[in-house]
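What follows is a pair of complexes built around chain A, which joins chain B in one and chain C in the other.
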Partner chain A sequence: MALPPVLVILLFVGVPVLLAVGFSFGMTGGLNRTAAMIGQDVFTADGLITGEAYAMLFADPRFPRDLAATVLVTVVTTLLVLGMAIGIAVLLRLRAGWASTMLSGLGVIPLFIPVVIASWAILNFYSGDGFVRSLFAQFGAEAPIFGFTVTGVIIASVWVNLPFALLMAASGMQGVPDALIDAARDAGAGTATIVARVLVPMAAIPLIIAGTFTAIGVLGQFTVPYFTGPNAPQQLGVDISKYFQSFNQPQQAAAVAVIVFVVASGVAAMYVWANFRSAKQEGRV
Partner chain B sequence: MPTMARNLGGRILTAGLIVLVAGFILGPLIWLGMHAFATRWRYPNLLPDGLTLDWWRVVFAEPELFAAMQNTLFFAPVTVLLSAIVCLPAAYAFSRFSFPGRRIFLVGLFATNAFPKMGLFVAMATVFYGLNLMETTLGIVIVHLIGTVVFMTWIPAAAFSSVPRSLEEAARDAGAGKIRVFRTVTLPLALPGILVACVMSFLASFDEAQGTYLVGAPSYMTMPTEMYSLVLNYPTQVAAVFALLLSIPSVVLLLLTRRYIMGGQLAEGFQIR
Partner chain C sequence: MISKRLLTVGLAGICTVALATACGPVSSSDAGDDGTDEGSEGTTTVTVFISGDTNLVDLWEQGIIPAYEEANPDVQVDVTLDLHGEHDQQTVAKLVTATEAGDDPGFDLVDAGFVISSAAEAGTLLEVDPATVSGLATVPENTITAGKGVGIPYRASSVLLAYDSTVIDNPPATLEELLTWIEANPGQFAYNSPSTGGSGGAFVTTVLDSYLTQEEQDGLRVGYDEALQESWTPGFDRLAELGASVYQGGVYPNGNSQVLELLGNGSISMAPVWSDQFITAVETGLISEDVHYAQISDPSFTGSASYLGIPRTADNTEGAIDLVNFVLSPEGQTIIAEQISGYPVIALDELPEDVAAQFADADPSALRPGYYSENNDDMSNLWDQLVP
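And then the complex of A and B:
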């Protein structure tokens, strides 16, 4: 019974990913032959593998910049998303009422808005003739333009990724028993201490899950930076399509994808580790 | 009276926070929505020069845009249905049976998220050419299906796990057969989780643009793929109308399922068991 989805993933994700990894290291035979023939600057390994496609990527000074910008956007977005999610979740847990309900209700709305629309709406909102600039202009002030900037990418990424993190944080903190909070308060702990020493540690696993999903999603995202981002430095998700379609360098595109995959795997490993640790603590393993 | 001052300060802070978050989340959507009814909009005015419904006529007069709507409304339900058929039995198995490699499979399904989507689609195209799936309905459905597998396996698996075994055993003791127990006890209790999984899968399919474009264009354009070319080739207002239309199904889903999603079904589904 468990086999069908595993087979679907193996055939349509596992096989292509292996092909792409092999291709990026110069294995240009088999199913990769067509792409190798059509593409430009394809390196074929003399022995088993060759890193020439990667060497070519890093020889271009733009690529390390793109990589750095992608990591920066990922780190900042993940931190902002977690910060906002924790803030709203804490309010929801400690000061339940219409205000916190409304905040959490607002926070999940992006989940239901297609990313294409969100990116484009945010671009218009912060662009040169957008609302933010118009509003400031009413008072004779000049607001910065965030459209087509790295900041714009971060704003849009936070917008898109907030709901999932918020749901995870809220569900984690709702699970903290009242008795623990009351006990901490009786012992003289202030709200800040309760948040830092009780609520956040107790909700650590859902928060780590939210963090990894956000980071992995932002690392490889295409639509958000495609609409809101600058031409340089570009996010790696856009780079993949650029190398593939504009430059006709499928091998370099595969190499970029592998680089993102390696970084994302590091993040994913943290997620798996955190999950197993919690499963062990609860005696589920 | 320090407590009263603190209360007042707290209230002002909360109100300020709500305005900020509302502006951040809703602002771009409202700004875009207003463009759908605007004749002309000159910077730095906060309101358009005039109101009109002409852009809506433009959208409905374009046969391509109409076809894209039909395609989207076809692919999303088909994807959810197929995903349910493929994944729900597996979700039950992951939840109720222990077999070798169970956890590796679960994590493996998750790991599909770690490879960047754009890179995956480029690589998938290689396999699709080999299997003659490019520019076919089946090819697009497979692309959409890939994006739903994690939701459709993990969330229902958690939902099945949360059904107490004692309830199932009690029904068995009362003489109900295996299938009857599943139909009358397990399934109804797990239904909210399955519903959330279906909604997430619907949205994932509804939202999918990159892979659909790579595999389906130009024969099959969906609303999100059409949105890419709209933004570049049409006035802002036309794209705004299209964006509003594209948001309707999701907003309806939001109103229908808010209770379950906020209730923690989604969060519950992402913990490895």
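And then the complex of A and C:
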């Protein structure tokens, strides 16, 4: 007998996912019938499947543009988050003091602030009449406007995703034994070499986990780009909701979701690999 | 061991039920429910399903329902609420399933945006006309027609041009003047993307309409016509050109209220706004009293009625029709006017004088309606593709 949690997951996650994937490929019968009846521009497969919903998406220059923008935001955000997390974690490991403790404490604060509130606050902070512009105006200077721009989305995404990566990086680096660092130093390694050759490789697995979680989270995020982003190019998370609700094209929304899923599974493969490697190191596999 | 497994199954079951109920629309009896709905002779129940914002909930729960129950002591009106219409898709699916099975969907009257779109499309609602619903007698013909034969218009609102009177002395009077003003004052005007709210949608519709003949406009209002949508091209070109002159050189806020907020904090000095939202925002102080409004002409901004629907298979359709007639009575229309600044849909001379005077300029029959709902969806889509 299957365990109850497995049944719950199959029923509430597995079945809807399969239905949506089928729907995007033109399987409009059965449980998808109602959605197909209500939606506009729904394509029904003559044979088993049809890729017309996907063809319609890619024929529209807007979709490749949004896809590119989403991937760009994901890559830049992940790199920035990892860079900042590693920086603070290294500081905490090698120069423990009030400054590094304060930095790591500040870095975790976004964890306790709801994303909606944070997005709204960041938008207002960088908007045309926001704090940054007001401060610059005091000295007669003109600051750029980041509200409703892709840069704004990246800033807010980094803000939201930093805490988790920071916790992972810090705990990974705290686990590196002093003996290794001292040995490297005795052999004449400078701080940069110690970071690049000892600390980061030793913390590689938690860093990869942090990176994959950040990337997958940013790829499908809705709230941050909805509040802080421009109307074009828009992130795919917002596009899904627009296709589904505003344009009444549920099939195209499902197709966008499948594409996000495919991109995310590429990232998820790294996560599986990292988990597998850590299991191997501990001798579990 | 067995008891432990049972416990797990039980807990999982509880979690599932909790999950399912926590996400669904909440049902509540209205205030003053003293438990007399069971067993007492002659009491009937009408359930109203509301998909909308809190102002609509207050309109029903604190305005219409108490007044109706006072006039009809033997009727109890319950409310099922889906705040902000977050589960519209599920509600329509439920309605479709119930209609096909011939079962009661669980409510007798629907107040939601999907009444004249997907629910009407799927044939789930009772056909209405002035013969079956007597309250519709003085409602303008074309307002009823826009309900696709199933929607009962019960209030209306239109989009107006709000402007900061400390900056602008003479607001533009025509669309042409407005577009000229926007280009002469870059960054001072904003409209929300049409997919996120009707006030921006009305601006877009109005600009598109200015390039169409009357026949083309009518065609796009009465039915779905993809060939006619071709004629939108010059209008979209004009809007794309206008992009550089709107707020921040091409930012279109998300939703009606974000536009109101920009207007309130002085980031912009002119915008299209919904009449009812704007009047309420001025009353609550979100927007300064220095912000005034005007209607443009040639063409004017669009406005529209909101519709009620009665599910075909509802248990108590007679009760629902009686409630609708109350809503369409002078008393019901006055409540709507006072509570949410909604335009009445019945003939103005039937209303109390002060209410009639307040809405003298807002004759619902004079409102230019928006496009047919499927055309409107395509307009949002094309706008998103071509303009920003």
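Here, the second predicted complex is superposed on the first by the 282 of 285 C-alpha atoms of A that agree within 3 Å, B and C clash if a C-alpha of one lies under 4 Å from a C-alpha of the other, contacts with A are read in each partner's own complex, and residues count from 1 in each chain.
FYI, a contact is a pair of C-beta atoms (placed from the backbone, for glycine too) under 8 Å apart; a residue touches a chain by one contact, two chains touch by 3 or more.
What you see is a predicted model; the values in this text were computed from it and never measured.
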For A:T34, select first, second, both or neither according to whether it touches chain B, chain C, the two together, or no partner.
both
For A:N248, is the partner it touches chain B (first), chain C (second), both, or none of the two (neither)?
second
Quick one: is A:A232 in contact with chain B, with chain C, with both, or with neither? Answer first, second, both or neither.
second
Tell me the contact category for A:G220 with respect to chain B and chain C: first, second, both or neither.
first
So, A:L106: does it touch chain B (first), chain C (second), both, or neither?
first
So, A:I209: does it touch chain B (first), chain C (second), both, or neither?
first
Classify the contacts of A:D60 with the two partner chains as first (chain B alone), second (chain C alone), both, or neither.
second
With the two complexes superposed on chain A, say which partner A:P5 touches: chain B (first), chain C (second), both, or neither.
both
Figure out whether A:D129 sits in contact with chain B (first) or chain C (second), or with both, or with neither.
both
Would you mind checking which one, chain B or chain C, touches more residues on chain A?
B
Indicate the residue numbers of chain A shared between its chain B interface and its chain C interface, in ascending order.
3-5, 8, 12, 34-35, 128-129, 227, 244
Once bound in the complex, which stretches of chain C touch chain A?
8-9, 11-13, 15-16, 19, 89, 92-93, 96-97, 117-118, 121-122, 193-196, 248, 250-252, 254, 265-267, 374, 377-378, 380-381, 384-385, 388
Can you list the residues on chain B that touch chain A in the complex?
14-15, 17-18, 21-22, 24-29, 31-32, 35, 41, 43-46, 86-87, 89-90, 92-94, 97, 99, 102, 105, 107-120, 122-124, 126-127, 129-130, 142, 145-146, 149, 152-153, 203, 206-207, 209-210, 223-224, 227-228, 231, 236, 239, 243, 246-247, 250-251, 253-254, 258, 261-262, 264, 266-268, 270-273
Note: in the complex, chain A contacts chain C through residues 3-5, 7-8, 12, 34-35, 37-38, 40, 60-62, 127-129, 145, 147-148, 226-227, 230-232, 242, 244-249
State the interface residues of chain A toward chain B in the complex, per the touch definition above.
1-6, 8-9, 11-13, 15-17, 19-20, 23, 31-32, 34-35, 88, 91, 95, 99, 102-118, 120-122, 124-126, 128-131, 133-135, 137-138, 159, 162, 164, 167-168, 170-172, 174, 205-206, 209, 213, 216-217, 219-223, 227, 236-238, 240-241, 244, 250, 253-254, 256-258, 260-261, 264-265, 267-268, 271-272, 275-276, 278-279, 284
